[in-house]
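Pasting a structure below so you can have a look.
The chains carry the letters A, B, C, D and E, assigned in the order they are written, with residues numbered from 1 in each.
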Amino acid sequence: MSTDVDDPRIVEFDVRTDEMLVNMGPQHPSTHGVLRLVLRTDGEIVSEVTPHIGYLHRCAEKIGENLTPRQWIPYTDRMDYLAGMNMNLGWSLTVEKLLNYELPEKARHLRVIIAELNRIASHFVGMGAYGLDLGTFSPFLYAFREREKILDLFEDACGARLTYSYITPGGATDDLPAGWLKKCETFLDQLLAVIDECHTLLTTNEIFIRRTVNVGVLSPEMAINYGCTGPVLRGSGVDHDLRRDGEERYTEMYDGYAFEVICETDGHYPSDHDYPPVPESAVLGDCWHRFYVRMLEVIQAMDLIRQAMDRYSTAEGDYGVPIKLFEKLPKGEVYLETECPRGQMGFYLVSDGTSIPWRTRARSSCFSNLSVTEELCRGVLLADVPAVVGSLDIVMGEIDR
Amino acid sequence: MSGPNLVDQLKQRFGEAITGANLEAIDPWIEVSPQGLVEVCRHLHDEPGLEFNLLNCISGVDYFQPDEKKAKKFPWDVHLEVVYHMWSLPHKRSLVLKVMLPRWKDDKEGELPEVPTVSGIWRTADWHEREVYDLMGVRFIGHPDPRRILCPEDWVGHPLRRDYEMPLEYHGIRGR
Amino acid sequence: MDQINWHTFFFLLSALGACTFALMVVFTSNIVRMAFFLVLSLTSTAGLFFLAGADFVGAMQIMIYVGGTMVLLVFGVMLTAQERFVSLKTSGGTWSLAALAGGALLAVLLQTAFSVDDWKAGDTAQAGQSQTTATRIGLGLLGARFDEGTSGYLLPFEIVSIHLLVVLIGAAYLARAKRRAKPSADNPADRSD
Amino acid sequence: MAEFFTTNLIEYVSLSEAWATPLGYILAAMIHIALLLNVVAVGALGFIWLERKVAGRIQDRLGPTRVGGRFGWLQTLADGLKLITKEDLMPAAADPFLFRVAPYVAFCASFAAYLALPFATGWVGQHLNVAVFFILAVLGIEVFGVILAGYGSASKWSLFGAMREAAQVVSYEVPLGLCVIVPVMIAGTMDLIAIGDMQAGMVWNWFIFHDPFTFITFWVFFTCATASVNRAPFDLAEAESELVAGFHTEYSGLRWSFFFMAEYGSMFLVSVLAAILFFGGWNGPIPITEIIGLNETNGALAGYVGNLLGMTNLIIKASLGVTVMIWVRWSFPRLRIDQVITTCLKYCTPIAAMMFLGAALWILYLPGGLWATLRLSDPLGHTREAAPDQQAAAMPADGERE
Amino acid sequence: MTNLLTQPVGVSHYMAVGAVMFVCGIVCMATKRNALGVLMGIELVLNGANINFIAFGSAYLQKDSAMSLGLDGQLIALFVIVLAAAEAAVALAIALNFYNNHHSIDVDRADELKG
């Protein structure tokens, strides 16, 4: 709006308009739940965005101080309810770290299958919802159709479709049922075609590109400074993935797996699949890149699942035996982060030596990812606000806990 | 992952600010005094070879057992901790810093303990510190936007404190 | 008992609309409502034009006034519509003075209107016949008046074209304003959520 | 019909003739209006059903399946009933008069344009010489309803929607008008019936195939028409992911459904307009009705049947246009406001202006269109050289009402 | 009423409508303090005049159709409409500019005669 005038204090305006404060949310179709953004707008131009969170605060951390680790598993499900398995996994690994529990090999591979499958489901929701934010409805339903298939698989494995409580400290509640791997294989075989469809409808769609390219550019420095993690961080070109770089207790799950971190280096992404090209105008760290990283992670996760299924079917040992419900925890404190679909989910556990933790703390990835909105949405158009917030792919359940 | 030499380095450089360390713990940690926190953090963030540029989490822990029967067996001194988990992207290692605080400033009930803010070093600390303030009741000196974040702005008390009691009523809604 | 003259019937309908809404423009103080009534009044006027056999001008009236001018007007209304401007009250003295002058003017005009016998009734039986006015108007604007054998309106047409261009540029220039980047007097009412 | 009412009123209600005549006419007019309105409203219901069904199929689901048999024919009717019974809410801060009147303005504007829209030779509500102009003008009023709704709702989201609508529609009227002028120029008249009749004969007589310029003009016209009736990807006034629901955020129940009907009404309207201007109107790709002699010269019944077939033809073409709009809506993301305006000012307007110029030159140097130029024979010997005034004079003096 | 309905209308009737609109416009201009209200008054005045042009130009509103202005009436009406649109644009721009400078659209405050 401002033009180059000699005196920087004098700005030329077409028409003098009054600034307006607009409440976007907590009841708004594209704030992904109950996020409330207070926008200060000058016409269509948003000069300031203030996120207000906490509408979904359910005191999970406080509840965790009154339950044993296994009892708290269902509460982790409800944090990032789109990636319940990954939440379970993060908490289980944290508890196992405190207990110094050695996991059987088979359980590790089972966890990889389940966690990566949930990553696909979560990214599909993120992708579909992003399409919805930009005003196209069909990809959302395509994505949900595929997610339904994953939920069917999960239902076969643990009986639940959303809040699984499947992975527990010590392994998993149950082994995969007979014939499950075959079903999973069938699912994966048809998935690539769907992803190509989504690329046609979104990634390479001209309007989609125009709406996302060069919008909400998050520089790597800013991303790191704001504690952004996961696809948001990698979309800015930072080569960091806890599955490769994380703590031993987490990375040992992926020992021997062949995978590359999805991150742009020298203008292109690691490619072993026929990816659509990066548009010329795309700037590293814009909404398009964040979206694209998620799309590629789906393919990466498919690959990991295939590898994991091979290993799982030949692995020795048990699927793991869950720890006792009132297992006594050693005194001490541990912190562990895992790579969840939306970023790094950390759990901090302080134990006073009883079976009930003294303090449980969940470090939410979306919490940090969302905090960058204020920076990204300064001076954008109103329509870009959902585009930016959608590209961060937030889940309010995780932010508010 | 932080070896004893890091502690020595820091002690050499900051002296009194480094008040302790526990290198035997599962996640070894270094204790910093509130006064020295900002300098230590800036050093950790900027110093080549350290570069802890990703602040993962700031947590508050309340070590206080309100139940008098259990308090006898309570394994810690009564205090409040603010724990900083950080990660160095270039060197792929983590670090835990702790700041020990009294539960109330000057032991006066209701006076929140104070820590300088590190939001000038890591912007992500902004929201995390707000959360610690909101739920645990630690005042961060110099914080740019010291509001509650999860609870409503007119909420009374800090819910994650061990002696916190749910209000009887909040705007006509029964609390307990 | 005569047959109902449908031309008259539709005339009365449109005339009633035009006059009523024009009066409502006068007696409404809310600016957006005024704009709305003005649109209705002008649309009714377009109906009168259709009835008088000027269908091109009628369509033009709707297109330009209702579609164009009114949107412009509403634009302006919205940009400047704040509670304190939506309705500005006028003093009673102004009102009575305006009413007096207006009433006198109306009396004179009506007297004139009905003073000529030739004007009182037309031959509206042929009113239903459709004419191709658009072609003739177009040719007239380009300087050829085949129906009259006279010259047309090429010069005024060109002048109006230039005039419109000048107006476009002028309006765009006028509407721009310079001010300080940080408005000093922010309306406190806008601060609330 | 009016006479029927009048006589009966005198006979059975024993009204004096002075009262019975106007009353009879008013009753007759009411019935006609009700018929026309219902036809259009039912059309809108049909298109809403079509939209849901097509959207369902595009999205790999079934769409409505229950109400009214396998295909859910009556789903929209059921929805309409539901909307009627819904609570009619109005925000406390709203301007009650403008809030109430806005849906009717949009609705009336959308349906008033049907007055001048012909469905076959002579089948038109009111035969106007400036029908094209009139329709465009009246469509422009619809935006007024939207603006009133946006302002009257006293909601910021609604205001955003209204402002967007104003900016968008005012911009898109320019290229839309330019595109419409191209076929008008070829036909030499703004009379839609004359334009339609001029394209009689084989498929290459359609104006879209007149010359390369008209071919491009059609696509620009369709884009601009989509934008001016607020359909995706130009549905910024509604923009549910940004503005909640834009100008009709605060509307519920029947009032909301008036906006909905207006939207579908104008969608169909611009599609019919496109079909008449570019796709031969009621004249099919192959002039079957003419070949088998279904026209006025073989008796009134033959003419009637011919017109009926012509109308069916036109409605099918227009429905295809609507289907394409639906298809586009469910495939593309929404543009941003600056991109919408850019599309209009940087692409549509210059292209339309160039096409206008090109078509004008083509008519000047290669009259008769591409196929005449290429010397393609027309089996029925149609020529397009007829002078506009003769064409217009050949029209029936007054189009029959209804 | 029946009597009125059965008689054909003439120029006089149109002129009467035109007169009402004209006077409404004049009163509007005189009484409104809102700049945009004044603008609307001007539109009404111009339309009142236009009605007369159209009426005199009509072929069948007078007993003697040879007396009608013919096409000239319509052409002049067209020019009036176009110029009214131009005038509205400029007036709106002035109103906006006035608002920019004075934060008000009350014409009673426009007495400075400078920007």
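Note that a residue touches a chain if its C-beta (ideal position, glycine included) is under 8 Å from a C-beta of that chain, and two chains touch if they have at least 3 such contacts.
Predicted model, so just to flag it, every value in this text is computed and none were measured.
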- Which chains touch each other through the most C-beta pairs? C-E
- Message: Taking each chain's centre as the mean of its C-alpha atoms, which one ends up farthest from the centre of subunit D?
- Response: B
- Note on the structure: Per the C-alpha centroid definition, the whole-Å distance linking subunit A and subunit C comes out as 59
- Message: How many angstrom lie between the centres of subunit B and subunit D, each centre taken as the mean Cα position?
- Response: 66
- Query: Which integer distance in Å separates the CA centroid of subunit A from that of subunit D?
  - Reply: 46
- Task: Report the inter-chain centroid distance for subunit B and subunit E in whole angstrom, where each centroid is the mean of the CA atoms.
- Result: 74
- Any chance you could list the residues of subunit E touching two or more other chains? 2, 5, 96, 99-100
- Query: Can you list the subunit D residues in contact with two or more other chains?
  - Reply: 18, 21-22, 163
- Touching at least 2 other chains, the residues of subunit C are 1, 3-4, 56, 60, 68, 72, 75, 77, 79, 133, 175, 177, 179
- Query: What residues of subunit B sit close enough to touch subunit A in their complex?
  - Reply: 25-27, 53-57, 59, 61-63, 74-76, 83, 85, 87, 89, 92, 94, 96, 122-124, 126-128, 131, 135, 148-152, 159-160
- Which residues, counting only subunit E, touch subunit C once they are in their complex? 2, 4-28, 30-34, 36-37, 39-41, 43-44, 47, 50-51, 54-55, 57-65, 67, 70-75, 77-79, 81-90, 92-97, 99-101, 103-106
- Message: Under the definition above, what is the set of subunit A residues touching subunit D in their complex?
- Response: 20, 22, 28-30, 43-44, 131-138, 141-142, 145, 201-202, 205, 207-208, 210-211, 381-386
- Note on the structure: The subunit C residues in contact with subunit E across the complex are 1-5, 7-9, 11-12, 15, 18-19, 22-23, 25-26, 31, 34-35, 38, 41-42, 45, 48-49, 52-54, 56-57, 60-61, 64-65, 68-69, 72-73, 75-77, 79-80, 85, 88-90, 94-95, 97-99, 101-103, 105-106, 109-110, 112-114, 116-127, 133, 136-137, 140-141, 145, 147-148, 152-153, 156, 160, 163-164, 167-168, 170-175, 177, 179, 185
- In their shared complex, subunit C is touched by residues of subunit D numbered 17-18, 21-22, 25, 95, 97-98, 101, 127-130, 133-134, 136-138, 140-141, 143-144, 147-148, 151-152, 159, 162-163, 166, 169-170, 173, 188-191, 388-389, 392-393, 395, 397-398
